[in-house]
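Below are two complexes that have chain A in common, paired first with chain B and then with chain C.
What follows is the complex of A and B.
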């Protein structure tokens, strides 16, 4: 067991014993090695199930809106809301702030155990690194991973198989956690600016064609939406049938429209955790598009979501110096991007 | 010939020859996934066979989409006039289907196939037309995955249910083809010039490979699953094992037997339109939402329970078979690693 796991277990057991939380959501070993997966705990003894490794990629903030969703109008004396303990990485913490800002989660009811993040391993990259052989297990050892694939055991560099979002992560340390575990975060990256720049350098027709090719693989299972903490609408436009915004099935134009709208609904809200990308069973690159939108929000409105609960999100306010060339002179924007 | 050998170098030729009379689909690499794609015949690129990826463990999406497409026009209409969409009858060969997927077709045949309930005859002309025009050539699994559990749910890595021809990859790289149905036999006869007769050593190889594969499949405690599931309907097991469900439909869409669909109209606003059938998922809240606003399965864990109960309790009653084929796809794709093997094993146990 690693030191971080040990410290997490003791911190979580302490939170239960001090009666500061009613439940805790962390990560446990999964059933398909080397995966870890979300674990729901309700007692101090359960803390022994918790683990921390390079496979704890699930953004656990996704469970909060469901826990705190109001079922109807307030009726006098209601039982107090549950107090939820939650293990969060840097990106997950920003999801919590985004949710608290939108009043989906009462921040004061959540006790955050934060872990400075050294980056999560991409299962797709790991699989590619061993030639597509089925991975039976992987152990982290320092800067490397000992991977059992088929009958072979190979060592790969951790840095070579990290998620792209982690390699470029700008904010790997959870800011504002209630308990911070001692761990070494990876150095901050460029936030995916290089990906956005490369995509923006393509001609408009090429960008549209690339988007179409990517979305043609979509099976409309909505794993991206369900894995996203800030996709919490009670009824998603995609399932609205009066009016029906989208056709049924896997027609590519419907898939494109779904993703365009979902991504735009995340403007000023997406914290770039890439939960959508990891959840996709078809390996669709949603990242290029979410990053582009996040970069636009940053450049046009000087806003980065997930830090200040009080700061007004850009789409809820207006400032005189807000960028508006995209309305008044869209071709100029096209030329410059 | 009932058994035939296709030597290693002649696979492309065989696929090409079948393409003269049918659209041939097989596992191909597309994007980052292995999926069924046209490799020969109508719809295939001229070098389609080059994208073939037979060695892959299993396709990301099952073969069901070839017979039950994710989006299918049922008929078109203009004002009150309805125009039938022609039933699909183009010959199709599905090559390299894993035995779990082939067995799944025997279940879908019961769902969509001719059935009588009282005086009503149910049959789905669209599905049946595709099945009738289709030939399934399955490929036995020399190397089952760690997530496979077909042997615990009535299957076998070299099972023949639902297939017309079973292919086995032999150590020398050749394929042993065994006709299972008359349709499969006719296909082998049609291309007899490409094959040679198997030696007894090759037949022995097949037996050995099949037994080794069977031993390599990890068993899952699925015995008495129906009785245990029925008794555990209100068990706390569901809460313990399905709390992490995100409520996406990935498991149902990759599943070879999940077959629930929605029907919707796509209209152009000028009185014209198409009535479509498209895959739906019991994991979505809208699936059971009533017009009144009431939803009998409001929580995700209730919807996950439905998925498991349907496969292990309800279809044994309605179709006479468990409708989980043990392909392990839902285990592999679940974003939170929710595992149907663990759920089935835990039914009846104390949480």
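What follows is the complex of A and C.
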């Protein structure tokens, strides 16, 4: 058991004993090594189940909108809302702020235990690193991971198997957490700008071909949507049936439409945690497109989601001098030609 | 690039009720000429536009999409078009990033008094789209059993 796990357990037990929380959501050891899974606790004794390692990649903020969703209209005096404790990394913390900003979660009812994040291990990369053998155990040792796969035990460098989103993470430290655990965060990266620039450098037809090939693998399971904390609509446009925007079949344009619009819906919300990418069973590269949307919002509107709870979402507001170079002006064209 | 002169593009035009739709009306009653390529859908404000409509229109096989609203500052609802401008900027940028020709989806401002501007806008957009040729990339192909 590492120091961080020990500190988290004592902090959570303390929160229960001080009666500051009714429940706590953290990570516990999963049934399939080396995975961790979300743990839902309701007593101080349960804190012993909590763990912290390189496999706690789930963004736990995803459960909050469901917990605080109002069921029907308000009737008289309602019982007070539950107080939820939550274990969050840098990106998850920003998701929580994005949700609180849109009044999906009452921030005052959430007690955040923040962990400065050293990056999460990608199960896909780890599996490739051990040659696809079944992973029986993985232990963290400093900068390395001792992995028991099949009959062998190998040590891989942590840096080689980290999630891409973690390698390029800009904000690994949760800002504004109620309790911050002592841990070492990784240095800030470029936020994935390189991925966007590389894709944008391709010719237009190549971009379209790549997009189409990528989306043609989509099986429309909507795991990306379920894993995303800021995809909280009660009825998703993908399941609307009057009008039915998407067909039921496996048509590639339906998948393209779904992903374009889902990513568009994350404009000003996406904190680039890559929960969608990790959730995808087909390993579709959604990253390039979510990064593009986040980069556009940052460049056009100077907005980075997930920090200031009072700042208005960028698509709910405007500035007089917002760029409009893209607007077609028929008269201007005539004058210049 | 298609130079086929006989190709007559189909363009869906989402026009704001308070300005561009009236601008189209004015172009009509003033007997101004423009290509018969647009299919008009009236929206209560350009702020009512959902990017889904644009993408869905392309999926349904139109060759181009035009969205037109009031000039910034002239919105009937004060700021609908200014909020819409932010949405449009993101849609245009995202579609271009994914590889859709930027001329396929165009946004413009036309006021109710600008019949001439409306007719030149439609002429320009039609010509842009005609040069690109039919839109096949995003079109949904429906397999028919024979």
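Here is the rule we go by: the second predicted complex is superposed on the first by the 325 of 337 C-alpha atoms of A that agree within 3 Å, B and C clash if a C-alpha of one lies under 4 Å from a C-alpha of the other, contacts with A are read in each partner's own complex, and residues count from 1 in each chain.
Criterion: a contact is a pair of C-beta atoms (placed from the backbone, for glycine too) under 8 Å apart; a residue touches a chain by one contact, two chains touch by 3 or more.
These numbers come from a predicted model, not from an experiment.
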item	value
Which superposed partner A:134 touches (first chain B, second chain C, both, neither)	first
Which superposed partner A:247 touches (first chain B, second chain C, both, neither)	both
Partner chain(s) touched by A:221 [first = chain B, second = chain C, both, neither]	first
Which of chain B and chain C A:300 touches, first, second, both or neither	second
Touching partner for A:40 - first (chain B), second (chain C), both, neither	first
Which superposed partner A:239 touches (first chain B, second chain C, both, neither)	first
Footprint overlap on chain A, comparing chain B with chain C	247, 251
In the complex with chain A, residue positions of chain B that touch it	30-33, 56-57, 60-61, 69-72, 145-147, 243-244, 246-250, 252-254, 262, 264, 266, 276-279, 281, 284, 286, 300, 331-333, 335-339, 341-342
In the complex with chain A, residue positions of chain C that touch it	51-52, 55-56, 59, 66, 72-73, 79, 82-83, 85-102, 106-109, 117, 120-121, 123-125, 137-141
For the chain A and chain C complex, residues of the former touching the latter	199-200, 204-212, 237, 245, 247, 251, 253-254, 256-257, 260-261, 263-264, 267, 289, 292-293, 296-297, 300-301, 314-318, 320, 322-324, 326-331, 333-334
Residues of chain A touching chain B in the complex	30-32, 35-40, 58, 62-63, 66, 124, 132, 134, 136, 214, 217, 219-223, 225-227, 235, 239, 241, 244, 247-251, 275, 278-279, 281-284
